[in-house]
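Heads up, the next two complexes both have chain A, just with different partners, chain B and then chain C.
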Partner chain A sequence: MTQRLTVCLGLTFLLCSGAALSAVQNTTAVFEEPLLITSAGQNAEVQLAAVLAKRAGLDYILSKLATASDLENTKTLTLVLGASLKGLGAAGLDVDKERERVRALVTESQKRNIPILCLHLGGEARRGQQTDDLIAEFLTWAKMAIVVKSGNNDGFFTKICQAKNIPLIEVGKTADALEPLRKAFKR
Partner chain B sequence: MKEIKGNKLSAAFFFLLTLTVCFFSGRSFLSLHQPEAIFPGPGLTEQKMLSSYFPALKNTPGDTAVYFFRGKEEGGRVLILGGTHPNEPAGLVTAVLLIENIRLERGSLFIVPRANASGFSHSDPQEGNPQRFAVPTPSGQRLFRLGSRLTNPVHQWPDPAIYVNPAGQKLSGMEARNLNRCYPGRAKGNLTEKVAWAVMELIRRENIDLGIDLHESAPEYPVINAIVFHENSSELAALALMDIQAQGFDIRLEASPANLRGLSHREWGDHAGVKAILLETPNASHGRLKGKPSSSLIVEGKDKFYTRASRLGWLFVPYGEEGIPLSLRVARHLAGVEALLASLEALEPEKSVICGNIPPPHQVIEKGLGPFLHPPD
Partner chain C sequence: MPKSSEKKKQANQNHNQWRRLRATGCRLLLAAATFFVSCQRQAIVQKAPPADRRLPYNFVGQNGLVVAANPLAAEAGLGMLKSGSNAVDAAVATAFALNAAEPFASGIGGGGFMVIYLARSQKATVIDYREKAPLGASPTMFREKGEEEGMWRTSTGLAVAVPGALAGWDLALREYGTVSLARAAARAIEIAEQGYAVSQTFSSINKDEYERLAANLGEGSCYLNGGLPYEPGDVFRNSDLARTFRLIAAKGIEEFYRGDIARRIVAAVQAHRGIMTLEDLADYKPEEVAALRGTYKNHTLVTAPPPASGGLHLIQLLNIAENWPVKGWGHNSPKTIHHLSEALRFIFADRERYIGDPAFVSVPVNRLLSKEYAAAIASRIMPDRPLDSYPYGEFDESAPTQGNTTHLCVIDREGNVVSLTQSINDFFGTGIVPEGTGFLLNNQMADFSSDPESVNAPAPGHRPVSSMAPLIMFKDGKPLLVLGSPGGTRIFSSLAQIVLNVTEFSMSLDEAIEAPRFFSYSAAGKPRPISVESRLPEATISELQKIGHEVTVREAYDKYFGGAQGIMVLQGKRIFLGGADSRRDGWGAGY
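The block that comes next holds the complex of A and B.
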């Protein structure tokens, strides 16, 4: 009996893992334009996201300090995850104030049924306790996540995405995020 | 216990010994005032001095050579600075490699290899740094000076207790001798501020479109392997980053903080409206965790203490036993310069600068710097 139970659990786990893997590999168009791009943590990769959106031909607005009012006429909220002390200092914020700003933005987007796309483009270099805290809080709200693989070497993104059933797309380098980003939007 | 008594003979002996030691050590120290030879390639159009843009700098220790390359066609105008901090050797060597190799097909390129010339004429006290480092070439060693981050105090003294830079930021007193805290400079300021003013004059008079400042930082410093950009250059920097990553180099973006004043990537953009970029590579030789300072530490970049620190997770870059050699750091800068020129062309084709014969970064890593440097005298 115990053996059967173990086999059944094992099979269930394998099926779930397979489903998660297929979610990782396939990008489906779930988002609509225009999109609002902002960072969670005032990182510089928000500029990379804007360049990728431009190259993907998407209708986007970049606002480093976006507030709830910026969600007017927005159909997708894109959060670029990663804390930069330099960026926070330049914006006159600390991590707590930044968290409050993004929290208000996420709350409003949920009220308006605006889906959230999370990006992490800084790789391993853009990890650390402060970044991880922001990821842990805001990634859970995402409808999809695109991350540079080296930032997920420890499986941190995988763990959260699997727990919340969020499709996770890993790319080798920043430029490789272009194609999944393009495919993630309905045209 | 036997008492040792001095006499006139022993006094004279020690006096002469002291004079001899002072003579030879003084001569060795003063030899740092002699710039290392640079052998411009056939692509050079003109060589002038920075004082030609600001005559008050003439015949001062701050005056320095500007190497000018012009293409056959009109195009953009780019400035590259090495040696802003003379203890960050990849900046100087990258500039020398460009001067000795490139040919310009379109646009104009201005290269200042020793931006803070005074800083090359001394070394940091109590650091035990070598005066020079040797880069092997097929025909022998090329020697380059390892200077100090700051202007020589013999040339600019004393430091104020608190330095208020030309952009109004309060800094510690010694930063008055840090060229990368003195922008946009002062025409009637101290020597370092005059050098900064002269660089700004070059930018203004030559209608520079893009300025690139080449630096290095210690592996324990968070802004490393990075492109630091003025907000007017965000798209340029993002495009260049993707290009550099495509070449296999790990690199990140850092925005220039608007409230950190006096730096090239801030003031060049704010005061002259040019696109402003600063590139950083990791250099163990001016970090705080290094072992014995030496020429080989600078050139080969191997340091067991940094390797250990890396294993303990204390660094912002991986630092293995193979080290991070100067050739790799220079290759990173070369890849950065190439990528920035390509991105400038992509964004503003009329301002493109097409530069031939840049030493290919991956060949520099594979073959070393020697094959791309002119043989020594």
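The block that comes next holds the complex of A and C.
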């Protein structure tokens, strides 16, 4: 019984680590530096994205209120998805104004052929109607998406990414996003 | 014959005595059996909480009950009760444990208020251990920072007020407890040392406050996991906090206010551009003050007085609600939400105008709490539309006055009650930890007004206005409801809704706590939007918008509205029911 359990646990571990490994190995280097990091929804995870970019050795600029003019000299637009009423309040914005800001950024990036990398690092806690509305609108423009798995328990990201043929990389924890992020950039 | 008649008489006497004894014995046996059977009948079986924490669920106790914002903390308090200690001992043990198990909401780096009810003497009293401004504080200290004022008020050493928690707990134990501070800290030391799996609540708050924490904490701080926020399930340990508690247990609170810990606090505050000195810490004294009292219909409300404005405003709001047929309007109906939101806007106008530290400014408590004033406000509220502006009440100011948080409630077998609310203000406070101590320093200076002319402007030794409202509600002179919540300025609005849910809408305590909430306020007399949880029906939201309200829809169960904890006492049956808010990690433990 104990042996069977050990074998099962071992297989589960191998499968899980294999899946994680394949996610990282499958990450194709499609983006170029420097990257502009901003949020879609003024969430706190935008800071985490900047820390991961720093640890990945990427050349990045973090701007919580980036506008179209900030795309000058940028080769990748990174959108960290997730609405935070606290963050919106601190920035003096409401969801509609924030949506307009990000729309303008996305429109300009399309004009300039700047690819978009979408991140969702808040997991299950960073879901909800307002976040989902932002994801539904902006994820469709992404060239790749990296998400913390618990945020995709209901397959919301999977559905959009499959429909738009967007590579989706799931990671277990925020810290696990570091490797796929590193590998997503041409060096 | 005489001998035989004496013998007979003696025998009769013996027989009668035996019969009396036997009858008494039978009665005793019967009483014991009845007691045993009745005990058996009344023994409460605590079912396991449902997997879905949103479902209303009563924690049950017959001899004692603790409800707190974290299961480990509630169990720490219960352990104290089971050992024969009283409600005050258990409350302090729970508060210590919360510092270890819910460190982002309260702790020895902060302060609070404790309402104590002593059953035998039927006395209610309040321990005020609110933080105080350092002696170097001035009304313009934040205003002069210009555009960076917000950051200075929340994330620097200038945001740290002199902590009062430890002195307050110590005072409560000395006056009303039965155990030492060391004994009360024992379980908290174990929790800090052994660690625990981080909850979803801890993790999401850790992520939300990451920017401030990353700026103020070193890479190796236990409040971040390898420099990043904790994920649910990660293990959090705080050996520095365990060491600090041990030091306090061995040397007493002097170590915190005048010893090595004091020196570390001052060094940390000043390294982050603050102004606190050793003198500020040495001068700190908690106060025992008279409880604030009010009524709602046939209930008596007992709470903390200013500078804890929450209790005063809670009574004010319920006074106004008394003028309306709230029950007839229906729970969370557009009419109910409209009227209570309008009342809140008037109350916030009074709050801005009048509430400051009563040790330094005159707060017209009696006028604000009068039923006549409440009726006057109620009569100004239009039934079909919001007003354009909400003026504060005009009172004679010289009239004499009377005298991101956590909440816990305790009741013991004697019926003693503690309702305790405390805080380090924002979640994770300033994010500043004195070196090697493991506890977070508050940013309670942010509770002072930014207006240098305000009655609540920062000034030396002043206590900032708080929205805390630890409450004990009595019916027929006996405790019926013990209640409180975190949630900043939403505290008294949320508590009033819970009281109305119980008294007007006949909900169980936990149903009342879990029910969807709303909130509104005014700023400079102008209305702010009504915030609602998204569980409110769309039709209700539309109706509010139709009559002219701006509505902000928040998450279904939003921490913005607090995380209430409560105990309901079923006096006749001697049963305690606990309600703990699923908006955070609320939990109860009884026996």
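Simple rule for what comes next: the second predicted complex is superposed on the first by the 162 of 187 C-alpha atoms of A that agree within 3 Å, B and C clash if a C-alpha of one lies under 4 Å from a C-alpha of the other, contacts with A are read in each partner's own complex, and residues count from 1 in each chain.
The definition used in the following text is that contacts are C-beta pairs under 8 Å (C-beta built on N, C-alpha and C of every residue); 3 or more make two chains touch, one makes a residue touch a chain.
These numbers were taken from a predicted model, which means no experiment stands behind them.
**Q** Aligned on chain A, chain B and chain C: do they clash or fit?
**A** clash
**Q** If you stack the two complexes on chain A, which partner ends up touching A:P34: first (chain B), second (chain C), both, or neither?
**A** neither
**Q** Considering only touches as defined above, state whether A:A175 meets chain B (first), chain C (second), both or neither.
**A** After superposing on A, A:A175 lies in contact with both chain B and chain C.
**Q** Please indicate which partner A:A125 is in contact with in the superposed arrangement: first for chain B, second for chain C, both, or neither.
**A** In the superposition, A:A125 contacts both chain B and chain C.
**Q** A:G57 in the overlay: touching chain B, chain C, both, or neither? Say first, second, both or neither.
**A** Neither chain B nor chain C is touched by A:G57.
**Q** For A:G155, is the partner it touches chain B (first), chain C (second), both, or none of the two (neither)?
**A** Touch status of A:G155: no partner.
**Q** After superposition on chain A, which segment of chain C among 404-412, 494-502 or 530-538 overlaps with chain B?
**A** So the stretch of chain C that bumps into chain B is 404-412.
**Q** Taking the stated contact definition, name every residue in chain A that is touched by chain B in one complex and by chain C in the other, in rising order.
**A** 44-45, 47-48, 51, 84-86, 90, 122-123, 125-126, 150, 173-175
**Q** Give the list of chain B residues in touch with chain A in this complex.
**A** Residues 222-223, 225, 229, 234-235, 237-239, 241-242, 245-246, 250, 252-260, 316.
**Q** Which of the residues in chain C come into contact with chain A in the complex?
**A** 150, 200, 203-204, 207-211, 214, 225-229, 231-232, 534, 552-556, 560
**Q** In the complex, go through chain A and note every residue touching chain C.
**A** 44-45, 47-48, 51, 84-86, 90, 122-126, 128-129, 150, 173-175
**Q** Can you list the residues on chain A that touch chain B in the complex?
**A** 44-45, 47-48, 50-51, 54, 84-87, 89-90, 92, 122-123, 125-126, 150, 173-175
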